[in-house]
Structures are given as C-alpha cells and as structure tokens.
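Below is a structure I'd like to ask you about.
In order of appearance the chains are A, B and C, and numbering begins at 1 in each one.
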Amino acid sequence: MNENIIEFRNVSIDYPLRKYTIRAVTDVTLGIKRGKITALVGESGSGKTTLSSSIIQCISEPGKIASGDIVFFDNVDGEDKKIVVSKFKEKEMKPFRWKRVSMVFQAAQSALNPVMTVEQQFVETLLAHGEDKDKQKQRARCKELLEYVKLDAERVLSSYPHELSGGMKQRVMIAFSLLLNPDLIILDEPTTALDVITQSYIFNLLKQINREKNISMILMTHDISVVAKFADYVGVMYGGRLVEYGKVNDIFRKRRHPYTEGLINATPSIIGDIDKLKPIEGSPPDLMNLPKGCIFSPRCPYAQEVCVGEEPSEICLEDGSKGRCYFFKERDNGRK
Amino acid sequence: MAENKPTQTEVVSEQPLMRLENINMVFKKSNGLLTDKHIHVLKNINLDIKQGEIIALVGESGCGKTTLGRIITGLLQPTSGNIYLDGTKVTGTFKKKITSYNQVQFIQQDSYAALNPVRTIYDSLYAPIKTHNRKWSRAQIDEKIEELMSLIGLQPSSQFLTKYPHQLSGGQRQRILMARAISLDPKLIVADEPVSMIDVSLRLSLLNLMKKLNEQLNMSFVYISHDLSTTRYIAQNGRVAVMYLGEIAELGNIGDVVHQPRHPYTRALIQAVPIPDPDFASYDELPLKSMNLGSLENRTDGCCFYDRCLYSTDECKISVEYQDTPTARVLCRNLGCVPNQPIYKQKQK
Amino acid sequence: MVKVKNFFILVGKRLREFFIGVGKTCKKVFSNPKTIAGFSILMVFVFIALFGELIFPYNADTDVANKYLDPSWEHPFGTDWLGRDVFRQVIAGTSSVLEIAFFSAIFTVVIGTVLGIVSGFVGGWVDKIIMGITNIFLSIPSFPVYLLLAAIITIDTPVTLALMISIWSWAGLCRAIRVQVMSLKERDFIQICAVMRMSKAHIIFKELLPNVFSYIVINFVMAMRNAIMASVGIMLVGLAAYDPTNWGAIINAARTKGLINAKNIAILMYPLVAIVIFQAAMLMLANGLDETLNPRLKVM
C-alpha cells in the first residue's frame, strides 16, 4: 500500500495573461501522506492555493497545469489503483470532486448559497452525487454530521447562512465537506477570518476528524503558528517553489532553509524572547520579474556567490525532508 | 469613581494624555414595527492613556474594540460618558473646530481602502499638511513630506509619491498611512489591526516602525488587535486591555497578563493562541463552557461571561466588580476560585 | 518683481502638470476602440453642425417646380414636396439637434450631480426632501408632462427645450450619484478626512468628486442620447415647431404629408438614419468610456 494518497510530480502551473505568462507554481514534487495532515505554508503569491486547488481542477481562471502529473492513489481492498487526476476531463472530475477530495474554503460566507437553507444545500449535494433518495435517510445523515461538528443540528438545518455566526458557518462547511465521506479534505485558510478561540475549537475538531475518520488533510495557511500545533508534515512555499518539506518537528527544529528560518524568526509568539525576533529583509518576489539564481537569494542573509548563479535543484535527505537550497544538507540549526 | 470627576485644575500632575470615563455605547436597531433592540456595544469603560505609552485593546470580534477605537479618534460619539484630552473635555466637540483633536490620529486596517484610489500618494500626504498649516509654502510642505518619507523608510521618495495606491504593495501602503498619521504631529495614534492584512515576513518591520515612532516622537499608540502575539511584540513594555462583550475584562502590563492571566476569559484566550513551536502544542479543551459568544442585547448588571465561565457562581449573575491584583485589574468577583498559575511554563532557558 | 516672476513660473508649472495629466487621461481613454469610434462619429456631427451650413447653405424658399426630385448629385437626398433640398435640411438640422443634446446634458448632469452629492453627503432631512422630490419626478411619466408643458410655455429656443427635457431626466442620475456618495462616505479614506479634520469643501471636491467623475462623464454622454430621443419625440408631435429643419420636425412634416406617398417615407428615412447613427455613436462612446473609467470593469 502506497503511503501517499496524492502525489504531485514535477507540477508547474501557468497563468497565461494577455501580455505575458505568470508561472504560479514551478516544478513541485510532493507526496501527501495518507491519513496525515500536511500543511502548505506560504505568503500571498507563494502558489499554495493554486497548487492545492489543482487537485480538483479548481484553479482560478485562466490558470492551467503546464507540465507534470497529479496522481491519486485509490486503495481498493488493499490494492493500489493509480489515477492520474490531472488528465481528467471535467466529466470524469465531477464524480471525483467532493466524493474523493473535498474542500473547505476560507470564506465560508461566500461558499454557502445565501438563499438556501443549510438542509437544502446538503440535500442538493447528496442528490447531485446520486446518493440515497430517501428523505429520512438524507436528513439523518445531515443531522449526524452536524452533531459531529458539535452544532445544534435541528436549528442549523433550517437556518439560512446569514443566521449563523462565522464559527458556525465554518463548522457547517466542515460538515459539508464530510458529506460524501471523502479520502482527502483540502483546507484553504479555514480560520483566517475567525477569532482565536473559535480557531482553536475548529482545529481541535479537524484533528479529531483526522484521527477518528482517518481522513487525510491538506492545510493551506500563511500562519506558521497553527502549523506547529496541527500538522504532521509541512511544506514551505516561496515564489511558486516548494522550498522545504519535512516532518513538523524537523521543520521547526532544524530550519534548514533560510526562508523557513526567517519565517519562524519573524513570527511573534506569546512566549519566548521578543528580542530574538527579526523580520525578513526585502520584499516578496515579483513573479513577473524573478531574481536570478535562487529566488530567495536577494533576501537571504547567508547568500553566497553560487546562490545567484543558477537556481538550486531539490536536495533530498534520508529522513524524508527535502529543500531547494545549495546548503540544505549542511545547514542544521538544530535545537536539541 | 464617577464622583471625583477630574477638572482641568485638579489634575495637573500625572495627568493622562487621554482619560475615558464611563464610556457607554448603545446602538439602536429597529426590530419589527414598534420596538427597538438596544445593543450595548460598550459598557462602563474607564481607561487612562498615558503620554508616550503603547496600550493594546485585545479581544474577539464583537468585543467593541474597534468601536472604542473610533470613539477615541472622535469618529463616534459615545452614548454617555466623557473623554478628556490633556485635561480638556472633548466629548461632543468633534463637530466643532477644536484643533486639539488633531492630536489624535487613526491608522486603519485596510491600507487600500484608506487611500483615495484616484489621488496620488503625494496628494494624499499634501492635503492634510496644507489644511493645518495654511501659511506654509509648497517647498516647506515638500520638505516635510520628504522628512516623513525618510522616517517611514520609503526611499527614494520620488519613486513612491507619484504613484497611485494600487501601484504600491500592502506593506508600502501601510507605511504611507503611518506617514499620513504622523504628518500632523499627533500625540496619540489609534492603529486598528494595522498588520492583519500584511504578509507575515513584512509584519515585524512594520511593528518595528511603529515602535520606533513611539520612541522617537514620544507618541502614544492605541494598538487594536485580535492577535495577542503581535500585541505582545509591539506593546512589550506597555499595557493591554482584554475586552469581552464591551467591557474591559482585564487590564494590566502585557507581560503579566500573557504570562499569568487572571480573568477566566483571558485564560481561555491565552490558551487558544497558537504557538509557533511544536513543543507547546496542546490539544486540551479550552476552559470554557461553550464556544458561543454571549449577546450584547438586554445587558444586566451581572457578569457577561457568566454562562461560559467554569468558575461562576450564582452571585456572578447578579453583580460584578473590578478587583485589583498585584499585576492587573480584573473584572471578576470570584477571583479566589480562578486558578492563577501561568499557562505556559518556559520550557527552555 | 521676483514675486511676479515666481508667480508666473508657478502658473506655468501648474499648467504643465495639468496638461500632462490631461494628456495621460486622453491616452488612456482613447486606447479603447469603441471610444474612438463613438468619439469620431460625434466629432463628424459636431463638424457638420459648425460648418455644414457654410458649405451647403440651406435655402428654405419653395420651388414647387422641382418637388419630389430623386436623389442626384445636386440633391443627394432629393427634394421634398415644396422642392427644398432634403440633404441640406438634414445638415441644417444637425446644429439644432446637437444644441439641444448638449445643453440638456449639461443641465441634467449639473442638477443631478449637485443634488445627488448634497443629498448623499449631508444626509438627514435634506436627503429626505431631495429624495422626495426625486421620487416625484421619477414616478410621473415624462412624456405627458412634456406635452402639457409645451402647451403652456412657448418653446422657441433650443435652451428652453433642453431645460424642459432635463427637468424630467436629472432624477435618475441624482439617485445614482447619491447612492455612490453614500457608499463612498463610509469608505475609510473619507472617514480619515474627518479624523484629520479636513474641510467639507476638500472632502467633496478633492475626495468625492474625482471618484464619481468618470460616472458623470458617462452619464453626460447618455444624457445627450436621451435628450435627442426626447426632443425628436416632442418635435415629432409638433409641440416645439420653432425650427423646421430639426430632424424631428422634418420627420413630423413628412409624416403629416401622408405616408402613403413613398417619397415622403424616403424623406423621413434620412433624418431617422442620422438619429440612429448618432444614438449608436453615443452608446459606443458611453460603453467605451465605461470600460476604461469604471474601476469595477477594469481587467488586469
């Protein structure tokens, strides 16, 4: 049995605009571990959303996969079945989307239809995917899920989205993503608009879903603090590249890639020494005008001559971590 | 406290820059045909802002922190209560020409919305300076703008001044907002979530800039945020007011409040803040009875945190009062039952 | 002396800045093909209105001997029932039509913008009163009122007619501007003006107006279009018979001569086509301007 559920193989994604083409994702090779939570961390424009939404072909227009494959490993009776998702036509994608891979969006407000009750939306999705037409069973299924995310099912089912608070809407969205028992849920900044207390609840809930239902998850976020608590594996993205990938503890302890180190050092916390924090100098890369060599080199405090020559290729280590830095192997800021 | 209202003559020594006294804010919302809903957004807020300090207002959305910020800038008039600026009562005077209110400036959250999209950066900076310094020549104002631009670190300034807001990045726009706010030499700046829409790697330099302005120009800052981590960073030596449903639940030095929170709500809040270190990951349930925020309607005299609090008694439902602990002022009558050990013990060091 | 010199240098500098600004805006505006097409046609009409009668002077004398002539080099559109040249009539009517359109658009835009901004910006009872009046104008159908007004007052100049038309067409614009101003008023950059204690004049003229300016320009074009519709309608029913060469008047005259005669239908067609071309040009211009100036339609 393959330990990955999704594999990105040298995936590049382009946005052809009128005058030029922007490469939002460049040559990403990444395996999403089955049953685990993988976080993709990056700032705006780093390509994390584009990469994740390419799985279910939800890249915003006019983006398209320029090269590479996305492979989904279906596990039927202990036997692996390889499905190349990126080659799917819209007709093939339709049953796959939501049934195998579902998504929780950042803005729950706009993901729900404002003129339909929660129940109508749930039932519509069930019908669209050819599920049981028995009204009784449908309702029971909805209720079960809403109660699972700790909502007052009876009340919520008959509510319109505007009658629910932000945290409740996000939990409805989570229940909604569970509706067809998917194998993988993509979480797109699920708590950005929410308060810390609600955020804490949501992440505990998601962690519980991950453990109890054994659903794999991809979390996209710009906030490295939530990653530490929530994820098992972390991929750090910068300028469309996957600059570092590894186990959550390795990422935080070893900080092999200078960008990862900078990001962690630039993130304030409620504990620890404030004076040790320092910002990353410079500004995020302009995708239309990328620097020569390693794209982080203009901001990198450790940049050497070799860094501004050619772009470093991916370096893989034995412990499964990998990164795009000439000194990836040597750099180990290990805290014991 | 309401008895000894300070007058201009009384408080000469240690006079706070701004004193908020029993501020209440009630919004009316029509509910059906005849009745009005009364939404009590702020309830009996008392707060002194000292000269040159950074004070943070922290809380969840709906706690009234933004409303309080707008009241401080004079954009909103409180339903009742008084505001004293340098000892002068300024409540109700905003509409009239009182130049003292120039001393309070505002930095908004959304840097794109805060700049007129059809005017250049130069125009946006020039107009306020000209309005308040009628006699200045263009050259004098240009000099002032140049000085501001070097202070906020956008150099060479000519590269930025001729641009329109949409041509700048979020971080650059936020710096422009800071330049505009300090252009009138205010004594107090209210910053409403100034970094929440900025990329993580750029946040720290903006916060550093605010710290620098605070130190160099001795300006007080009111930093409004839902994020305790950045708050702790900027208000390192300042105070924090943790707000809950329109009341200040806990007021104290930020280091103490974060390290050893006393109010049951603050304890839950601190525990909910994610920490960028897997060693500190905790999956404990938060010390709360429910995750639903209470209602702002039909307020009673009792504790508004009553129904979510693990330590509440029947008395809490009836009344609530401030208690002073060595580290903070806490809105809780039952502090004895609330645990007081630190949430996080420093593991390393 | 130095002061005077400096003053002129300053004036020169400002003028230069102004023209550079205008140049930039023009370059942006005229990058749209629709705008170019619409504007070119408008310019042709303006040219005809200004110089057409100098090149093709119109003679209103009747020449019954030459009535109903077929189109020829001498009479490109033929002649009418009194032997007058139809082509020269249409040319002569252009200035009349454009005058009405232009004046009416100015009146409409000025009234609508001023009342809209006052209503949206001041709010309160001022807003209620202005909106009350606006709603009255919106709810009473315009054409019967034109008929009524035309019966009461004598319409003998294009300005009177333009004024009459604009009185019933500013209301829609006023409402739209009011809504825009009200939403702009809540925007952060206007709010900060209050915190910075900027004057009301500054807020209205320097902050609000530039933001609704493109909308006003587009509506100016649309108001011209509307005014021509209305004026031709009024002329068509013969209520403002002060200018026999106005396109509406020509159509009306041809109509009253009887449409059984195919020649009359032909005469009626010429001004009608001119109107259609003009309308199409205005629509193109308005759409083109909308595409470049309206921030909501801006594409990367």
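Basically, a contact is a pair of C-beta atoms (placed from the backbone, for glycine too) under 8 Å apart; a residue touches a chain by one contact, two chains touch by 3 or more.
Every value quoted in this text rests on a predicted model; they were computed, and no experiment measured them.
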Highest-count interface - the chain pair sharing the most C-beta contacts: A-B
Centroid comparison with chain B (C-alpha atoms), farthest chain: C
Centre-of-Cα separation between chain C and chain B, whole angstrom: 51
Chain centre separation (chain A, chain B; CA means) in Å: 33
Separation of chain A from chain C, taking each centre as the mean of its C-alpha atoms, in whole Å: 55
Residue numbers of chain A (touch at least two other chains): none
Complex interface listing, chain B residues touching chain C: 73-75, 97, 99, 101-102, 104-106, 108, 110, 113-119, 123-124, 127-128, 131-132, 180, 184
Residue ranges of chain B in contact with chain A within the complex: 60-61, 169, 171, 199-205, 207-208, 226-230, 232-233, 236, 258, 268-278, 280-283, 285-286, 288, 291-293, 344, 346, 348-349
List of chain A residues in touch with chain B within their complex: 43-44, 165-167, 195-201, 203-204, 207, 222-230, 248-249, 252, 262-264, 266-274, 277-281, 283-284, 335
List of chain C residues in touch with chain B within their complex: 187-189, 191-192, 194-199, 202, 206-207, 210-211, 213, 295
